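One chain, chain A, appears in both complexes that follow, with chain B as partner in the first and chain C in the second.
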Partner chain A sequence: MKDSFFRSMTWMHTWVGLLVCWLLYLIFFAGTVSFFRDEITLWSKPALHDAHVPQERIGLQHQQIIAGVEYLKTVAPESNRWGIYLPSEREPWLIYAYEKPRPEGKRFGGWNDYYINPETGAPIQQPRETKGGNFFYRLHFDLHYIDVRTARWIVCFASLFMLVALISGVVIHKRIFKDMFSFRKNKGSRSWLDGHNVSSVLALPFHIMITYTGLITLIFMLFPYPAMTAYDNGVRGLFNDVLPTNVRTQSSAESAPLVAVETVLDQVYTNWPNADITQFAIRDPNTASATITVRAATGTQVRDQTPTLLFNGVDGSLMAKTRDELSATEVFYDSLTALHTGRLANPLLRWLYFLCGVAGCVMIATGCIMWAKRIRERMKKDQVPSFGLKLVEGLNLATLMGLPVATSAFFIANRLLPITTAERADKEILVFFVTWLAVALFALFKRAKQQWIMLAWVNCIACISISLVNALTTNGNLISYVLNSQWALFSFDLMCLISAVLFIVQAKKLRTQLHAPTAPFRANRAGKSNLREQNT
Partner chain B sequence: MSEILQFSLCLFAFNCFALAKFNHYRDVFKVRPTQTQSNQFVVVAWISILLSLVLSVVEYKGYGALLFCGYMALSVLILMIFYSFKTSWVKAMSVINISVILFSGLFFAIY
Partner chain C sequence: MHAQSQKNSQLLMLVAKISQYYQSYAYQLAVVSRFFAAIVGGYLFTSVFTALMSITLPLKKSDAVLLSISLTIFIYSCVFIWVFAVKSLKTIWITILLTSSACGLSIALLKGWL
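Moving on, here comes the complex of A and B:
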């Protein structure tokens, strides 16, 4: 324990932050990108680029559901599950899907999707196999390749560390309001500290909210004991109680005709007169155990649980529905989950979420760079850097510069991998991790300023290549997107170009620093005490 | 239009908070602020920021509070850029900011 509260907090902030900063950067980066996961998925599937939201989107839903059920009755009468996914503002296409036959011993056979143009009702060319934005969404908390449960525990611990670092950061930042708008450029470590402070403070409510709500989304994994005490089958029992529409009926082999869809839809519109239906799913169609689940959008309500109705698929009776009025505890859990996922956000709020997410990435990046930079500045000219310092510098370069390169490689692979490639979606992900590994190996051997410059140029070229390859391999480009009002696609390309410009600025700035004498660092009191602690 | 008004009020509030600080005021106006001026900036800033919050929450309820957090982040980012890199533009930016508040407020009041 340090000799004063302030110094203890500074010590804790430094080490708690440093221990998990690279993992946190990955989590924040993937989370920030996945605020636009539907838009990224759209970009990743050029076959869907021409789909537009119909003017009478909600008015057409009734007809689309009836047509979908008729279609599935013809195409997949024997399937265990049918699904009709209705177009939304962010996913403006209609999907009729059915489950493929289940392989021996498997509980799910995978979906066969048919994409339909919602305006004309005509089939759209089947899009390429890709995970698109969903890859980043899952990477955010499943970390890929790692067992899901283990990954979520790791993410939870990292989030907990982040929360501690945030709170201790607020405590040690004495001039939080005085320096709110201050960024002193060209001052060595002082500038990095300012960058760290500004990026932390400008989105501080967001950082605290997103970290805390991140823990809340996984609270039943972290702390299942109350549910285990109250219910025989633990958390599952709790969710079945809270969400009665989750209850599964035992599948039956006895055949029975499916109820008329109009009967179900009449009840849906009686319950929800202005329903914006998102999904119409049928389980065990044409059997005695058939059920129909209807889900509606929550709009901009701070609520994550989708309103759901569950019907008997044979007689059309209402079996269960989600409660309109939630208890205080349910509202608390549900609204915090909604705040974290940001699914409620319209484009303005989505961009604000994105901006705050970028601020979070900058905060983490500046924090880990600053630690290594301060140690370097304190070293004597002939002193050999320690293993710890070399490790931190290597991880900084591999993570901070490697992750953007890998992301660009993922998008370029999306356009360049042949459409017919087997397990194409997995190959795109493989490209992502192989690229990242290559940068990590590069950082293992050399991690000086020259390597940062090199990787900044690589990132710049990669970002420009995304737009270029997109223009060369599809019918669209930045200009055509503006002319056709395809704003999601335009924003994607624009963000790539903005990123390229930022990497050019970074490369030029680093080159200037490389040829300039080192700026003297006038450590403030906090800085001095921090350095003293690193000595001890 | 209401979003523009809410954001402009938030930006104006943080601009006032910045100008209430001795060093930022001196950088912009080349003179020291008096204690009264600093206090006035703080009072105006609090009124403006509360107005922004109230307008956001009244219009969008819980969703408005989220928007307001985003407005705060964007405002601080914009002001940090101006005060750190383009101090000479702060006056022009403030005039534009006030004009936008007036026009969007007028529009909001009429429609």
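Moving on, here comes the complex of A and C:
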């Protein structure tokens, strides 16, 4: 492409990066937020705020499962699927769920959840209808409003570009260790470059790991060919081979009584004496084809495949169980997925994941700002900016500042939308996208520094209003969270306030730059180009 | 004579202009073609290469597949970067097509499709 390897890599890094940077920002942003998916869901459901981990969490499980099956037997004997979700450290509540009747032509009718106080077994006030953290989790790889498969291909494509940009970024980076510690302030695009370098280099292993493993999570869609070559029935064949519990029995309409839960539980505790059961699911209950799946927690192991036992739901015999020992390759493959999802992370590691994700967002943001800055600096004084430059600047403003505003709007909507609103969860998401669209329209018309300042203030106010609205509409606030040691909720509020402060800093910073238009570097640059003109 | 030289220079200018347009166009075409080679060519090569790997690796069937699947992204990104590092587009396309068809042929022979 260009004459030297170094220059061709620089060229590729710039263009591959620019093409997908806004989509990547969305993916990184949503992914980073998703590390706290359960905590955000908790925040979104004030009815669950008072739930706390029971003292005898594991000891209670036996009783909870038996009560759950009894409940589901009376409430939803006709349902196709039952599920009992047991309280965990991060989600300390008990859910009895059953599948709602399937609409015509659909393969799944959606879950009907029933929340129970795990200690007393009595129902609690049912939480509002909201997607909470799951919205960001889905947004991260399914986007929204478009077909899931198409969305995943788009995300794969962007991730591939990300990986390529990362690798070429390392190649073009000659002084990788020196740049780790150099940050030159107030030097125009030079500072943006340094910001780009610092955020990339510091968290580089994370960036490469998360992009690579992210592609691995969607690998069976992207590259089904190895499985298709080795197995006659492709990916399904592989799954059947690797996951012994991936057995799907043919549904039967013939009714048969469900086996006594005790029989199944006795076998569970024989197989896993100290089991921390997370899920007890029954497929086709009360029919001849009933199966019972029992899953246990993986804990902090680097393992994504949950230990599973599969039972026949009529005679209670053990049909399949996951292997205790995985082969080296299985461990390798499984750990790739486990590293991406970070379910293994303890709170400290989770925050580290989060901070690295933020560094990723900063890396992408500084990258796309820098591109526009460079072009601006190279422009002559009376030159009219090209359409491409205007487009990039508009997209920068709309994405980098619009996405945080939309996120704040989503959280505020969660508190302010009436509980009885029809399709409430979808309305919250609508608020998210409408806000974002409004910012995008705003950026379409004006995108000078003044507008950046304005949006920084909007963001700041939005962040503060989240905790404010939360304090006004629920009976908790920053101080009461500390007193009751509700650390997840406290961290959420604190994050809102920290972001608000950061947006104030940004606005102040931009304002001082606005009043001092001749930064030394820029004057220098301009002087050079004048000289060059004189020479030619 | 004066008129003719003027006409000549006009013609020359036109030719120069056309070639200039062509050059800028050719550059864009080369860029598009290179991206195409990187994305589609890279995908093609990775697919057949890892498919071949999955049936030739001396491991258990499921292990061989999982290992080749885990390495797909690595191979893909290497090919992607290689496409941008090599100067001649012709070399790139010939290499990709030759290696891919060689892999494809080996798969067909090993699986007994031929």
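Note that in this section the second predicted complex is superposed on the first by the 518 of 536 C-alpha atoms of A that agree within 3 Å, B and C clash if a C-alpha of one lies under 4 Å from a C-alpha of the other, contacts with A are read in each partner's own complex, and residues count from 1 in each chain.
As a convention for this text, contacts are C-beta pairs under 8 Å (C-beta built on N, C-alpha and C of every residue); 3 or more make two chains touch, one makes a residue touch a chain.
This structure is a prediction, so every number in the text was calculated from the model and none was measured.
> For the three-chain model obtained by superposing on chain A, do chain B and chain C clash or fit?
fit
> Could you say whether A:Ala260 touches chain B, chain C, both of them, or neither, answering first, second, both or neither?
neither
> Determine how wide the angle is at the CA centre of chain A between the CA centres of chain C and chain B, giving a multiple of 10 degrees.
Computed from the C-alpha centres, it is 90 degrees.
> Of the partners chain B and chain C, which touch A:Val434 in the superposed model: first, second, both, neither?
neither
> Figure out whether A:Ile146 sits in contact with chain B (first) or chain C (second), or with both, or with neither.
After superposition on chain A, A:Ile146 lies in contact with neither partner.
> Can you tell me whether chain B or chain C touches more residues on chain A?
C
> Look at A:Leu339 in the shared chain and tell me whether it touches chain B only, chain C only, both, or neither; answer first, second, both or neither.
First partner only, chain B.
> Between chain B and chain C, whom does A:Met228 touch in the aligned arrangement: first, second, both, or neither?
Second partner only.
> Just how close are chain B and chain C at their nearest CA atoms in the overlay, in Å?
18
> If I apply the document's touch criterion, which positions on chain A are contacted by chain B in one structure and by chain C in the other?
none
> Which bits of chain B are touching chain A when the two form their complex?
Residues in contact with chain A: 3, 14, 17-18, 21, 24, 60-63, 66-67, 69-74, 76-77, 79-80, 83-85.
> Quick one: in the complex, what on chain C touches chain A?
Contact set of chain C toward chain A: 30-31, 34, 39, 46-48, 50-55, 59-70, 72-74, 76-77, 80-81, 84-85, 87, 107, 111.
> What residues of chain A sit close enough to touch chain B in their complex?
The touching residues are 177-178, 180-185, 198, 201-203, 205-206, 209, 300-302, 335, 339, 344-345, 348-349, 352-353, 355-356, 359.
> Could you pull out which chain A residues touch chain C in their complex?
Answer in residue numbers: 1, 5, 8-9, 11-12, 157, 160, 163-164, 167-168, 171, 212, 215-216, 219-220, 222-223, 225-231, 238, 241-242, 327-330, 332-333, 336.
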